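Read from first to last, the chains carry the letters A, B, C, D, E, F, G and H; within each, the first residue is number 1.
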Amino acid sequence: MTLNVYLSGEIHTDWREQIVQGAADLDVSFSAPVTDHDASDDCGVAILGAEADKFWHDRKGAQMNAIRTRKGIEDADIVVVRFGDQYKQWNAAFDAGYAAALGKSLITLHGEQHNHPLKEVDAAALAVAETPGQVVQILEYVLTGKLP
Amino acid sequence: MTLNVYLSGEIHTDWREQIVQGAADLDVSFSAPVTDHDASDDCGVAILGAEADKFWHDRKGAQMNAIRTRKGIEDADIVVVRFGDQYKQWNAAFDAGYAAALGKSLITLHGEQHNHPLKEVDAAALAVAETPGQVVQILEYVLTGKLP
Amino acid sequence: MTLNVYLSGEIHTDWREQIVQGAADLDVSFSAPVTDHDASDDCGVAILGAEADKFWHDRKGAQMNAIRTRKGIEDADIVVVRFGDQYKQWNAAFDAGYAAALGKSLITLHGEQHNHPLKEVDAAALAVAETPGQVVQILEYVLTGKLP
Amino acid sequence: MTLNVYLSGEIHTDWREQIVQGAADLDVSFSAPVTDHDASDDCGVAILGAEADKFWHDRKGAQMNAIRTRKGIEDADIVVVRFGDQYKQWNAAFDAGYAAALGKSLITLHGEQHNHPLKEVDAAALAVAETPGQVVQILEYVLTGKLP
Amino acid sequence: MTLNVYLSGEIHTDWREQIVQGAADLDVSFSAPVTDHDASDDCGVAILGAEADKFWHDRKGAQMNAIRTRKGIEDADIVVVRFGDQYKQWNAAFDAGYAAALGKSLITLHGEQHNHPLKEVDAAALAVAETPGQVVQILEYVLTGKLP
Amino acid sequence: MTLNVYLSGEIHTDWREQIVQGAADLDVSFSAPVTDHDASDDCGVAILGAEADKFWHDRKGAQMNAIRTRKGIEDADIVVVRFGDQYKQWNAAFDAGYAAALGKSLITLHGEQHNHPLKEVDAAALAVAETPGQVVQILEYVLTGKLP
Amino acid sequence: MTLNVYLSGEIHTDWREQIVQGAADLDVSFSAPVTDHDASDDCGVAILGAEADKFWHDRKGAQMNAIRTRKGIEDADIVVVRFGDQYKQWNAAFDAGYAAALGKSLITLHGEQHNHPLKEVDAAALAVAETPGQVVQILEYVLTGKLP
Amino acid sequence: MTLNVYLSGEIHTDWREQIVQGAADLDVSFSAPVTDHDASDDCGVAILGAEADKFWHDRKGAQMNAIRTRKGIEDADIVVVRFGDQYKQWNAAFDAGYAAALGKSLITLHGEQHNHPLKEVDAAALAVAETPGQVVQILEYVLTGKLP
C-alpha cells in the first residue's frame, strides 16, 4: 500500500520538509503546490503575458496553479492542510473544502489558537494535528499499525 | 426555471437580506446557514449535552451545522460566498471549495481589498461581485436575460 | 427546505413514532423500512413462493426489503440509525455504512453503553443522540435555527 | 489481472492469515485494518493527545483508523467481511454497507448460526462463505477459472 | 413515497396493462418504451428520412427509442424487465444490464423455463417474479408493507 | 413524463420559437441561453464593471452566461444543438461535448452541408435533424409514441 | 497507451483466441469470463456447497462469476460483446448494457442475421464487427492509427 | 508526478511535435487522436465495409475514432485543445466541452483573432496560450515550479 499525500497550505515555514523527511522510510508519495511565493504569484503573466490589472494578473496565476493543485488533490488519498499564523490562508481552507467534497481523508495541522475559527474545517477532518511530527506518526500508523 | 441559491459566509452584516429582498420578484429559492452566531456556536452542546473541552464543544456544533450546510450546498445551483472584513472566515472558503468540487456555479462577494488573498477562490468562481446588488443583477440576468 | 429523513434500525420500540410525532410541525418527510417483523421476514416467500431452505427464504425477503431500503436511503438528506439493546442489528450498521458511503448526513441514536462498539459508526456520524427527543431537536434546529 | 482484496471484520482469530497463506500463489494484493486491538483502540490519543472522556478517546481512534479503512475499501475489487462469534462487530457490518454502496464485490464469511441476523448483509454479497478456505477457492476460481 | 417504475421488455402481451391496473391504487408512476411494434421499428426513418440500408434504418430507430428508454430507466427507482417466449429479446437484457450498472432495483419477470439462460440477469435482480400479479404485490409491499 | 429540453446554439434565426410553438401541446419544459446577442456579450461588464481589455470583457460575460448554460444542460433530459450557416459556433459544439460527457440525449440540428465537419458531434447524437419540425416530431414521438 | 479490453459473450467458438492471437503484437491487455462452461455453471456449488434447487444452484454460480465479470468490465476501456448463433445469450446483452451505462467503448461482434434483433445493442456500440479479424484491425487502428 | 496530457484539435500543423519535443525532458505522457487525415476519415469503412451514403461513411469513422478520443480524454489530467485558422474544427470544441464536463484541466491554444468566438471555451479553460512554447512552459511550471 502506497499512500498518496497532498500537502496544502502555508508556504512560509518548513513543515513540508519536516513531514517528508520524517516519513522518508515510509511508502508515501508526496505532492504539494509550488511553494516559491514569487513564482506562484507571477507564473500566469510570466508565461502567458503581462496584465495591466492586478486582478487579472492574479487570475492568470491562480488558474495556472490550479492545474497542479487539482491534480495533487484528486490523486491523493490523504490531504494535509496546514494553517499558519500569518495571512488569510483562504486558499488552504478552499483546498480543504474541495478535498472534503471529493471524499478524501483530511488531516488539518494548526496551533490550538486556531481551533475555534477552524471548527468547521476540523469537523470535516479525520485528524487534527498540531505538529508535523504528529502527521508523520499518523502516516506511519496508517501504513504499518505501529504507534510511536 | 427556478434557481436554488445558497448564501454562504459572513453572518454579521445584512447582505443576505439585501439579496433576498432585491430578488423578491425572481424565481429564486434561497437557503443559508443558521446566522444566529450564538445558536450556531452552541447548538451541539445545547441539544446533545455539555462538553468540558471547548474543542469538542465546537466539534459538536460544527457537525450539527454541517447537516444544514451540506443540504444547502448540494441542493444549490449557485453558491454565493461572502467574505467580510472581520474574522478568519475559513468556513466560507471551505464552503467555496466544497461547492467548486461539486461543480456548483460559484459567485464570490467581497471588497477589492481581498482580491489578492482570495485569488484562488475567485479563480474557481463564475462571477466576482463587490455588492449584494450586483448579485441580484446576476440572478436577474441569469433568469431573465435582462440587464440593469 | 424540506428534509428527507430515513429512520433505520431497531423495530421493537416506538422511537420512530416519537420522532415523527415530535417533528409533526416541521417540514420533514420521513421514510422507514417495513417495521412489521413477520411481514419483513416473510415477504419474499409470501409473494414469490416458499423455500425449503431457510437461507433462501431469508434471501428472498431481504432482497425484497432492499428495494424499499435503498429507495429510502438514496432519497434521504439525513439517515437516522437506531441501535437498541437487543439482537445483532447488523442491518442497522450496514445501512449506516451504506448511507455514509453515499455522503448522507448520518445521525446515530443509541444508549451510552453502546458507545465503544459503535465508535466506528459514530465516527462517521454528524450527531450522536441518546433520545428520540434529541433527534427532533436536531431536525428543528437544522430547519429553523431554533434551539430547545 | 491482479485482484485487490480488503479483509474486514473480526480481529481475534487467524482467518486473515489463512486466506493470505492460502492465496500465496495467486495474483492477489491484500489489505486490512490494523489488527492489534490495543493499538487500534488507542492510536488517536497516543498520537494526538489524551482525552478525559472515553467517547472522544474512541472518536479520535476511530477516525484515525478510518483513514486506513477507507483507503483499503476504495482501492479494493473485493471486500471480504468476517463475522465471528464474539462482540457486536458493528464496524464489520458498517464496512459491508460502505463497500456495497460503492459497488464493490462483497464476500461475507461467517458461521451458519449467523445466517438470519446477517440476511440483509448476505443479500448484498456475491458469495457467502463459511470458511477461509472457501474464500481462497473463490479467489482462485475468479482469477484462474480453476475449481477445487 | 412515490415509486418510479420502468417496465422494460416484451411488447406482445398485456403484462404492462396488468401491472398498471393492478397497481392503480398505489403511489406508483409508470413509464415504458413505445410498445407499438411498427412505430418503434420505423420511427427513425419516418421522421428523419428513409434509408436504403436496413441496418441504418434500424439504427435511426433504435437511437430515437433510446431517448425514451434512457429517460425512463434513469428516472426509475425500480426497473421491471419482462422476458417472454418469443424473439431474442436482447434489448430487454441490455436494459437490465444498463439498469443494474446504474444501481436501480431490478425485478425480472419470466417463466421458469428461462431460469437457466437468465441466471446472470436474475443474479443482479432483487426479485424474480413469474406473473404480473407478483410484481403488483411487490410494489404494494414495498410501498405499504402489506402482504397479500 | 415531462421532458426537459435545452436548446443550444445559433441565436440568429427563429428555430427555437418554431420548436417551442410546435411542441406547445406536449409535456416539454424548454430552457435556452440568453439569445439577445448584445446582452449576452456585455452582461459581465454591465453588471460587474467595465474592462479595458476585450479579452477580459469577454471572459466576464462568458462566465456569467455559463451559470445559465450549465444549469440548463445539467437539468436537461435532451440537449438540442443547432448549427447555422454563420459564425464559428464553437460554443455550440462545446455545449454538445459537455452534454455528451454528462450522458444527456443529444439531438443535433443542421443542414446537410455541415454533415462532414460535424461528423464527430453527430456521432455522439441520438438523432440528427435538419429542420425544427423534425425536432418537434421527435419530441412528440418520444413522449407519446405517435408518428407524424 | 495500453488498451484494456474485456471479451464478453459466446463461449463455444474460438473467437477470443483469434482476437488475442491477432493482437499479439499490440499493447492490449485482455480479460474475459471463465469460458469453461461446466466450471462456470457449477462454481458456486462446487465451492460453497450443493443446492437442492437448480434455481439457487444457478444463482450461486452466477454471482460468483459476477465477481470476475464486473472487475473485467469496470477495468476495461473497450468491451467487445460477441453474439453467436446458439443459445439465448442474455448474459452477453446484459454485459453490453452494463458496459454502456458505465460509458465504456462498446464493440459488438455478430453475423448480419442478428442485425435486427441486436439493433438496440448495436445502437449503443461504437463499432459493429462481423469477424474477429475486424476487431483486431480496430484495436490496431485505435492504438497505432494504421489501417489494414 | 506524471502528467497525462491529451492533445486535441488541429491536425494540419506541427504544434503537437513542438510540444512533445519541447517537453522531452519532463515527466509527461502524451496522447492524441490519429492525425493522418485520410486514415481518420476512412477508418470505419476500411475496416468494417464500404457505405454508399457519405453520412454513414463518416459516422462509422467518427465512432471508431471516438474509441481513441474518449480513452485519451478520460485518462488525461490536462487536455490541450488547439484551434487553427482553417476548417470548422467543431470536433475540437466538442472535445473541449467533453473534457470540461469531466473536470479535466483545460488549456486552449489559439491565435488572438479567435478570442471572441472562443470566449465560452476559453472561459472553461485554466490557461489560454497562443504558442506551443507557452504550453511547454506551463507543463514545466506545473511539474517543477520553474518559470522560463
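List of remarks:
Everything that follows uses one rule, which is that a residue touches a chain if its C-beta (ideal position, glycine included) is under 8 Å from a C-beta of that chain, and two chains touch if they have at least 3 such contacts.
Here the structure is a predicted model, which means the values were calculated and not measured.
In this entry, C-E is the pair from A-B, C-D or C-E that repeats the interface of E-F, since more than half of their contact pairs coincide by residue number. Interface comparison, C-D versus C-E: the pair with the greater number of contacting C-beta pairs is C-D. Centre-to-centre separation between chain F and chain G, using Cα means, comes to 37 Å.
Chain C and chain H have Cα centroids lying 49 Å from one another.
Centroids built from CA atoms put chain D at 31 Å from chain A. A straight line joining the Cα centres of chain F and chain H is 23 Å long.
Each of the following residues of chain B touches two or more other chains: 63, 66, 103.
Per the touch definition, chain F reaches chain H in the complex via residues 54-55, 58-59, 61-63, 65-66, 69, 83, 87-102, 114-124.
Residues of chain G that touch chain D in their complex: 31, 34-36, 39-40, 42-44, 46-48, 60, 63-64, 66-68, 70-72, 75.
Contact residues of chain B toward chain D in the complex are 51-53, 56.
Within the complex formed with chain F, the chain B residues making contact are 1, 3, 77-78, 103, 105, 107, 126-129, 134, 137-138, 141-142, 145-148.
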